[in-house]
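Look at the two complexes coming up: chain A is in both, with chain B in one and chain C in the other.
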Partner chain A sequence: MWSESSLAMVKLLVVKDWQVYQKQLAGYLAGLVLALGLIGSGSEWTFNAGALLLLVLLVSTGFFAIGQIVLNERKERTLPFVMSLPVTPTEFYSAKLLAGVLVYLVPFLLVVLTTTFLVLYTALPDGLLVYALLIYVFMLTSHCVALSAAMAIESEGWNIVVQMALMTALSPFIIWIGSLQPIAANLLTDHIVWSPIALGVLAGELLVVAVALGWTQWHHARKTSFL
Partner chain B sequence: MSALGERVDVVPVADTHERIHYLDNLRALAMFAGVLFHASLAYSPLMHPFWVTADRGQWVGVDIAVWFLHLFRMPLFFVIAGFFAAWQVARRGVGGLLRNRTARVLLPLIVFWPLVSVSIDWLTGRAALTIEQASPVLEFMRDNPLLRLPPSLAHLWFLYYLMWFYLLVWIATTAEWKVDAGRVLAWPVLVLIGVAPLFLIPALFSVSAPTPAPESFLPQLWALVYYGLFFAFGYGLHARPQWVIRSRPFAPGLLLASLVAYLAFLWILGNRSADSLFHVGAAALQACVSVWMTLWCLQAGSAWLSARVGWLRYLSDASYWTYLVHLPVLFAIQYPLMDLELAWPIKWAISVGVTLVVCLGSYHVAVRTTLIGRLLNGRR
Partner chain C sequence: MTAAITLAGVTKAYADFALSDIDLELPAGQVMGLVGVNGAGKSTLFRILTGLIRPDAGQVVVCGHSLPDEQVAAKRQIGYASDDMRLYKAKSLRWHMDLIRAAYPGWDEAYAGQLLQRFDLRPNQPLGGFSHGQRVKALLLLSLARHPRLLLLDEPTTGLDPLARDEVLQAIAEVLRDDDRSVLFSSHNTRDVEQISDSIAFLHRGRLVAVQDKESFLDHWRRILCRGEWRDDIAALPEVATVRRNGSVIELKVRSFSEALPAQLRQLGLIVNDVNRMDLEDIFITSIRPEGAQGVV
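The block that comes next holds the complex of A and B.
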């Protein structure tokens, strides 16, 4: 169990990361407004451009957040300074993990809620919702895996490789779930159908999220020293 | 009262504590112009195929008046909203603006949208079944009873877009974008008057003319740009409120130029073609009328409405409530009128008069001193 002072310290570190991230979030929200504007413009090409921009923003904001919270601090040698603070390695790494997830969850939930609202309350086919949510959760999964890797791997080069691999996997994933008959059959209808296969994909994604975060927390919780 | 164009030596400055009464008064008048606008659409030949309460009685003069008003009424609202947003930021910071606007704009939108939407749907569904002299839209609904249109914001789209613009204010402030909208107002007045419409042309070019109401929950890019620029102008105006008075000598010219541009727009509208030159011309003329008439309204307001007038203040207080509820009230009156053998001006007068009586009466009895009044206007 964590003591009250440990929780306060973790909270302080998370708030610090959140404040550093706010400027980027503002830029992200500006992109979100533009993407929604493009989607709402009515023509096919603007709809596609807007939808793609949403995905690109979500991917890039996640990687930027990891860069800012984990990789940059490592590059700027913040660790010696952190070691001089009254904070344990467990508190520090837990705060990093929590901040990495939380700062991503803000734009992520914003996009998910906006998409859900728009799919349900505009002329867009409601059946699109399952497809869109599976893609979004895949992106959350990618973020959690990339965050986990960034906390485990010191090399910047290898982190870039992991992020590129995850980014590249998005397109095949979109094509793959679009080709799954129970999902594709309802894509352009107003029926929201959580077929067993769609639920299976969702469960798989959430399992990867749980394993990535759980393993990272477990791995760092064992550390008794920063070095 | 001062006349338009009169030299004013002492200029008011938008101090962070004093309200500028002419903007409050203009907002009240523009809100009530909205009731006239929506009531008139029933007798507009141009809107006859699209408007649910379209009556048999129509007159082309309605179109001429209504679309002129349409081109600057909403832009004026956004200028005023931008001004008061900057005023809020100066008083309470961006966080204060967001908290205040969430309570005054977002919450009323969330509360009133379902009520407005359900009541309009119910009235229209009932009218489709019962009205004998049905409008083309009602007839279409009667012929397609299973058709379900996606939910729309109806006239509350204004509040929806305001929230987007408040979010953009937060974004610009947090990202430290050095956008000084007030700097544009340092330009020579004539240059600004001439150049400003050019920024609106691309947005207006991308939609049909006259501009439709962006009622979808999906924000429309053209509306974000078009109304956003007016909002930004109003935001910048807060830093240089004396600009309105400085530009007053141009007021007669602006009015005249707007009327000429509007006549040209009407001519273009009457000779529609698929030619892109037609679209550019229509967009440019709408942009000119929008900008020039909005500026003229500000100039006229600062000259004639700058005092705190009791009845205008009351109307200003009642205007938000009137804006929120007027459309279902108007439809409830106009649907039964459609079957009556009356001349359209009489129907128009009845619908406007009764709508205003119901809105103002309900405001006085059930809103002004109650929780709803506090929700809409804050503590009085």
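The block that comes next holds the complex of A and C.
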């Protein structure tokens, strides 16, 4: 159980990371709003352009956030300053993990909620919603795995390898779920169908998120010193 | 009064370097200067004292708190600034001050304002626009303004211009007006160490070579210039640390000078021309040389 002062320090560190990143996040959010606008604008080419822009921005937002919040602390040598604050290693790493997830949840939730609105209240087929949400959760999963890797691996080079691998996996994933019969059959209809397969994919994604974050928290909770 | 720092048998090993059997005590209210060459282990020692690194063996007690288990309680009492520490470039000094104020209840806003003026720092300027000297002063301000019981400063004057150096040393000296507060700082610049330290520790290749109060160092070491014929038993004298010879001129650096030593040297056939006190830099260099080192020019 954490004390009140521990929770206060974790909160302070999360707010600190948020404040360091918020200007760049605002830029990404503006781009995402533009992408969502294109998706909902009605024509096929703006839909495709908006979808592509959305995916690129969601990936970039996450990797940039990880770079700023985790990797840059080592590169910019701000780590000793933060670590000299009255925090334990567990509190420090917990705050990093929390900040890394929360910062991504802002654009993620914007995209999920706006997509849901667009699908339900515009001419876009409602069946698209399941397909879109599974893709978005895959990107959240990738972000959590990349975040866990960044907190475990100090090498910038290896982190880039992990991020490239996750980015490369996106396209095969989109093709794969688009080929699943229960999802493909309802894609262009006005039926939102959470088939067992779709629910299974969603559960698998959320399990990976839980394992990645859980392992990272457990690993760093065992540390008795920062370095 | 509880000692500010107590290290007993502290050891930390890396692949190419080891800090070995460090026994060190800094009484409360004192300033200790830690002198060592690059790679001697000064920064490693500071990181152990702030709980950033766990030693492989030994005990570390800072301000009465055992590290690393009680590091939060210890860090509340410590102000730590190091040469390799950086602040967030895109953020202002004011932002950093607000962060520290939120983390430490003892933050003194009025004193912080005085330090801003004295150090001539602009609080709303992003740190990325600060020079090296301004950055050092900013780090010092963030530590001093919360009145820590112990200041740990890892090379605070390195790379500073003479004015900035003087400002930093004065700010450190001001800390000492409070008898309860202590300072451990490291420096290549032995003049800085000599200027403000009560005691001095020499660290070399991960080992403490010498620890003494400043006056003892300066009182016990001498450089003696002699003339005469060389004899091996001159180097065998226990007081002699190093010898340099140039023809019949012999320079001895001795570590435990006594008034009887010149007479002893005369008995060995030498003419003692001069006996001079050594400065701290000379004492340090001599201390880390191999025992009984001899040089012939």
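One rule holds in what follows: the second predicted complex is superposed on the first by the 224 of 227 C-alpha atoms of A that agree within 3 Å, B and C clash if a C-alpha of one lies under 4 Å from a C-alpha of the other, contacts with A are read in each partner's own complex, and residues count from 1 in each chain.
As a working rule, a residue touches a chain if its C-beta (ideal position, glycine included) is under 8 Å from a C-beta of that chain, and two chains touch if they have at least 3 such contacts.
The shown structure was predicted, so the numbers you read here are calculated from the model rather than taken from an experiment.
Superposition model on chain A: chain B and chain C are shown accommodated side by side without a clash. Shared-chain residue A:L110: touches no atom of chain B or chain C. Contacts of A:L12 after superposition: chain C is touched, whereas chain B is not reached. Shared-chain residue A:L170: touches no atom of chain B or chain C.
Of the two partner chains placed by superposition, only chain B is touched by A:V33; chain C is not. Once the two complexes are overlaid on the shared chain, A:T78 sits against chain C while remaining clear of chain B. In the superposed model, A:Q22 makes contact with chain B only, not with chain C. With both structures placed on the common chain, the touch criterion links A:T88 to chain C but leaves chain B unconnected.
Of the two partner chains, neither chain B nor chain C is touched by A:L187.
Once both structures are overlaid on their shared chain A, chain B and chain C have a minimum Cα-Cα separation of 12 Å.
23 are the residues of chain A that lie in the contact sets of both chain B and chain C, per the superposition on chain A. Against chain B, the residues of chain A that register as touching in their complex are 22-23, 25-27, 29-30, 33-34, 36-41, 46, 117-118, 121-123.
The touching residues of chain A, counted against chain C in their complex, run 5, 9, 12, 16, 19-20, 23, 76-78, 80-81, 83-88, 224-227.
By the touch rule above, chain C contacts chain A in their complex via residues 47, 50-54, 68-69, 71-73, 75-76, 78, 80, 82, 84-91, 95, 99, 102-104, 139. By the touch rule above, chain B contacts chain A in their complex via residues 150-151, 164, 167-168, 170-172, 174-176, 206, 216-222, 224.
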